[in-house]
Amino acid sequence: MLNTYMELVRIRFLMMLAYRVKYYSGIIIYSLNIGVYYFLWMAIYGENSSLNGTTPVQMATYVAVAWMSRAFYFNNLDREIAAEIRDGTVAIQLIRPYHYILVKCFQGLGEGIFRLLLFSAPGLFLVSLVFPIQLPTGVEDWGWFVLSLVFAFVINSQVNVITGLMAFFIMNNTGLIRGKRVLVDLLSGLLIPIHLFPEWAGKILAFLPFQGISYMPSTILSRGLPTSEIIQFLGIQMLWLILLLIPIQLLWMTARRRLIVQGG
Amino acid sequence: MRSIEAKGLTKDFKVYQSRSGLKGAFRDLLNRKYRMIRAVDHINLSIEQGEIVGYIGENGAGKSTTIKMLTGILEPTSGTLQVNGYDPHREREQFVRTIGVVFGQRSQLWWDIAVRESFRLLKKLYRIPDDSYRQHLDRLVEVLEIGSFLDQPVRKLSLGQRMRCELAAALLHRPRLLFLDEPTIGLDVLVKENIRHFLKQVNKEYGTTILLTTHDLSDIEALCSRVVMLDQGKIIYDGDLERLRSQWGDGRRLILELKDEISLSALNERSHGLALRWEGEGTRFVAHMENGTGVSDVLSRLVPAVTVREMKIEEATTEDIVRRIYREGITHHA
Amino acid sequence: MFYVRLFFHYWMQYLKIRMEYRSDFFVQLVTDLMFQGVNLVFIIVVFSHTADLSGWSREEVIFIYGYFLVPFSLFASFFNLWDFNERYIIKGELDRVLTRPAHSLFQVILETMTPESLSGGITGLLVMGWAGWKMGLELSWYDPLLFILFVLGGGAIYAGIYILLTSISLFSDSKTDIQPIMFNVGNYGRYPVDVYNKVIRTVLTWVIPFAFVGFYPASFFLNEERWMTLALLTPVVGLVWLYLGIKVWNWGIRNYRGAGN
């Protein structure tokens, strides 16, 4: 069983390899984005040496890490699922001997591994040459970061699956998908680290799953938190990871029932 | 004025070859390997106003490429070209007003909007005056029988319905010259019939020159007084259909069923002096008659000695002839 | 005159198609608004930590962003050339365009326009209006005229650059991702150039002049003397780029190889 899924990961990886040229330009685009936000943040600091306890170097590092992490966790599962629902291929997937959602997630994982190795890692390396950022050297910090990044990947995929499955209920959810992307970039702390939001907004965001997508892993790597806080972060991510299974399961069950009633 | 006047018309395509692998991709960035394909090779073509000319040739012979140069889509690599008195590519915008184009393989209409709206857009593009537009459209709608689906978007039409609309669209501005690239591809017999009939009528009524490419030779037989045959970018035949038949046709075949058995040598002896060749044995024989040999001559030689029970005369079809030319090449015979 | 009439005819056709898919239309409006909203939220949050951004106040930065939205919406509506390669070269629609008696680029623009993106311009005007009112900005009689000139100039810069990039497809049908890259460079023009270092500033002014789309002209209305000459150059830069773009396009059409079989 597991073999089947690992095969999916492998195939997706090879597929991405065929389109690798796309990722060279991807690195440029992400670097350009890092550039804009780097300069903006540096201008915000001006003469200040700290904003809410974050130094300019930490901020620069945060920007670089957050965008390059996005290169890893970002995927098109939402669009793919929505498209397959609209053109009816989902019904066929239902009779296959595997779980549709799991298949999608493993495909996403294949893509993610590809992006990590050929996009995020070299991208971060390149960016560290151009911008004055400071990455930790300890194995431990990187270990925590990688773990948190994997959680981020899963949470983001879950959010994508939920948006994608909405296509069962909203005929045209491309708008929903686009809107979700814009919002996730803001609410996940990619554009502004969550501790720099106004206090009331920060409190609301603390009750949402999006902080686990960008803010938590990026903070772990850029600010050097004490272990207890890191573990707290990972705990929150894990909690969301489990909680988000519930809406997915509910959506999927309702959708299945619908599919069976309608006869696909 | 001639409709089309081309001298030494040539089109080369540069075809890039990409190297494999990552290293190859980088080397491709700096200098790319390519080779030249000569799709059309020094064509001389002269077509008078009012002619219907069939343009035939194997796949990849260069027919579509020629049409694209004649319609101003592609700039020729070399040669001189005058169509309706214009240089098609250089004076494109004025020139295309005088021609109509139909590509059977892809739509000339706007995919998403109703046929009627497409026509209206064309009216604006070609600046057709109101009254002349209405009159002409009514006539086209009637003859092509497209009235019932004018309000549907093009993407919802069947192939045959679409092709008839394409024809109407190409003729809305009353062009003097009509280009048709495989207009009957994929159509059923009735629609083909309708379209051929319509084209003939347009040619007769308005004196429209028509140049069409096709792989269906019955189109040519039904429509064209003149055929131009292309092979690997070169014209290998230009003249009327009859001459092509008589020149390259294998002549006729006379198939005989005799009452009594007879030997091949006996037959040969009887037809001695006639240009033909016998084939067969027992009571069934085939006479391959070269051009100029009459059936009556053969029969008159045979009749005294043998009794003919049944007889059939077969002529090579245009398709047979063209197939032979494609296969053997024209030089072989000339 | 002919082109103006043609323009309106295409516009009507577009609206008819759009009305069939009304929900798409509203969804598009809402997501556009959301996108602009997120950018404004960014500016507002940032200014809760600082009083100025390289010498520019919150209202001024918001004003610049609002201004940027106006020429940008012009560009987004009429130069929607993102899938030109796919649709016109590979699927061969350009063959059809070339058999019609109007300029090929004009036809392509008319067939791909999405006028609903103009709503971004309205948002921009509102944002500018609000910021200007907060600052007590005063208008001279010639300001609206210059505004129109600058907006057209900024739109022309974007248009010229994208026409030029799109023309690449006419020479070679292999895919390039240079358009999305350029799009992200364009985002640099929404903020004061003082924020960037010298190299980037020079690039944004003289190489890929996106600073003329948003920042320079906007600073003119903020009565900033430092960039006055550059601001007044906006229409000129726009004309130069548009001219370049169209030249390269026409050159490309001569090189066009026809849809592959």
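In order of appearance the chains are A, B and C, and numbering begins at 1 in each one.
Just so it is clear, contacts are C-beta pairs under 8 Å (C-beta built on N, C-alpha and C of every residue); 3 or more make two chains touch, one makes a residue touch a chain.
Predicted model only: the values in this text are computed from it and were never measured.
Colleague: Most central chain by CA mean?
Modeller: C
Colleague: If I count C-beta pairs in contact for every pair of chains, which pair wins?
Modeller: By contact count, the leading interface is A-C.
Colleague: In angstrom, rounded to a whole number, how far apart do the mean CA points of chain B and chain C lie?
Modeller: 48
Colleague: In whole angstrom, how far does the Cα centroid of chain A sit from the Cα centroid of chain B?
Modeller: About 58 Å, centre to centre.
Colleague: From the mean C-alpha coordinate of chain A to that of chain C, what's the distance rounded to whole Å?
Modeller: Centres of chain A and chain C (C-alpha means) sit 30 Å apart.
Colleague: Out of chain B, which residues touch more than one other chain, so two or more?
Modeller: Residues: none.
Colleague: Among the residues of chain C, which ones contact at least 2 other chains?
Modeller: Answer for chain C, listing residues that touch two or more other chains: there are none.
Colleague: Among the residues of chain A, pick out those that touch two or more other chains and give their numbers.
Modeller: 21
Colleague: Mind listing the chain B positions that touch chain C in their complex?
Modeller: 13, 16, 64-65, 68, 71-75, 89, 92-94, 96-97, 99, 101, 103, 106-108, 110, 112-113, 117, 120-121, 124-127
Colleague: Any idea which chain A residues touch chain C in the complex?
Modeller: 21-22, 25-26, 28-29, 32-33, 35-36, 39-40, 42-46, 48, 51-52, 171-172, 174-176, 178-179, 182-183, 185-186, 191-192, 196-198, 201
Colleague: Name, in rising order, each residue of chain C that touches chain A in their complex.
Modeller: 23-24, 27-28, 30-31, 34-35, 38, 41-42, 45-46, 48-50, 52-54, 177-178, 180-181, 184-185, 187-188, 191, 194-197, 200
Colleague: Under the stated contact criterion, what part of chain C meets chain B in this complex?
Modeller: 2, 5-6, 9-10, 13, 16-17, 91-92, 95-96, 98-103, 111, 172, 254-259, 261
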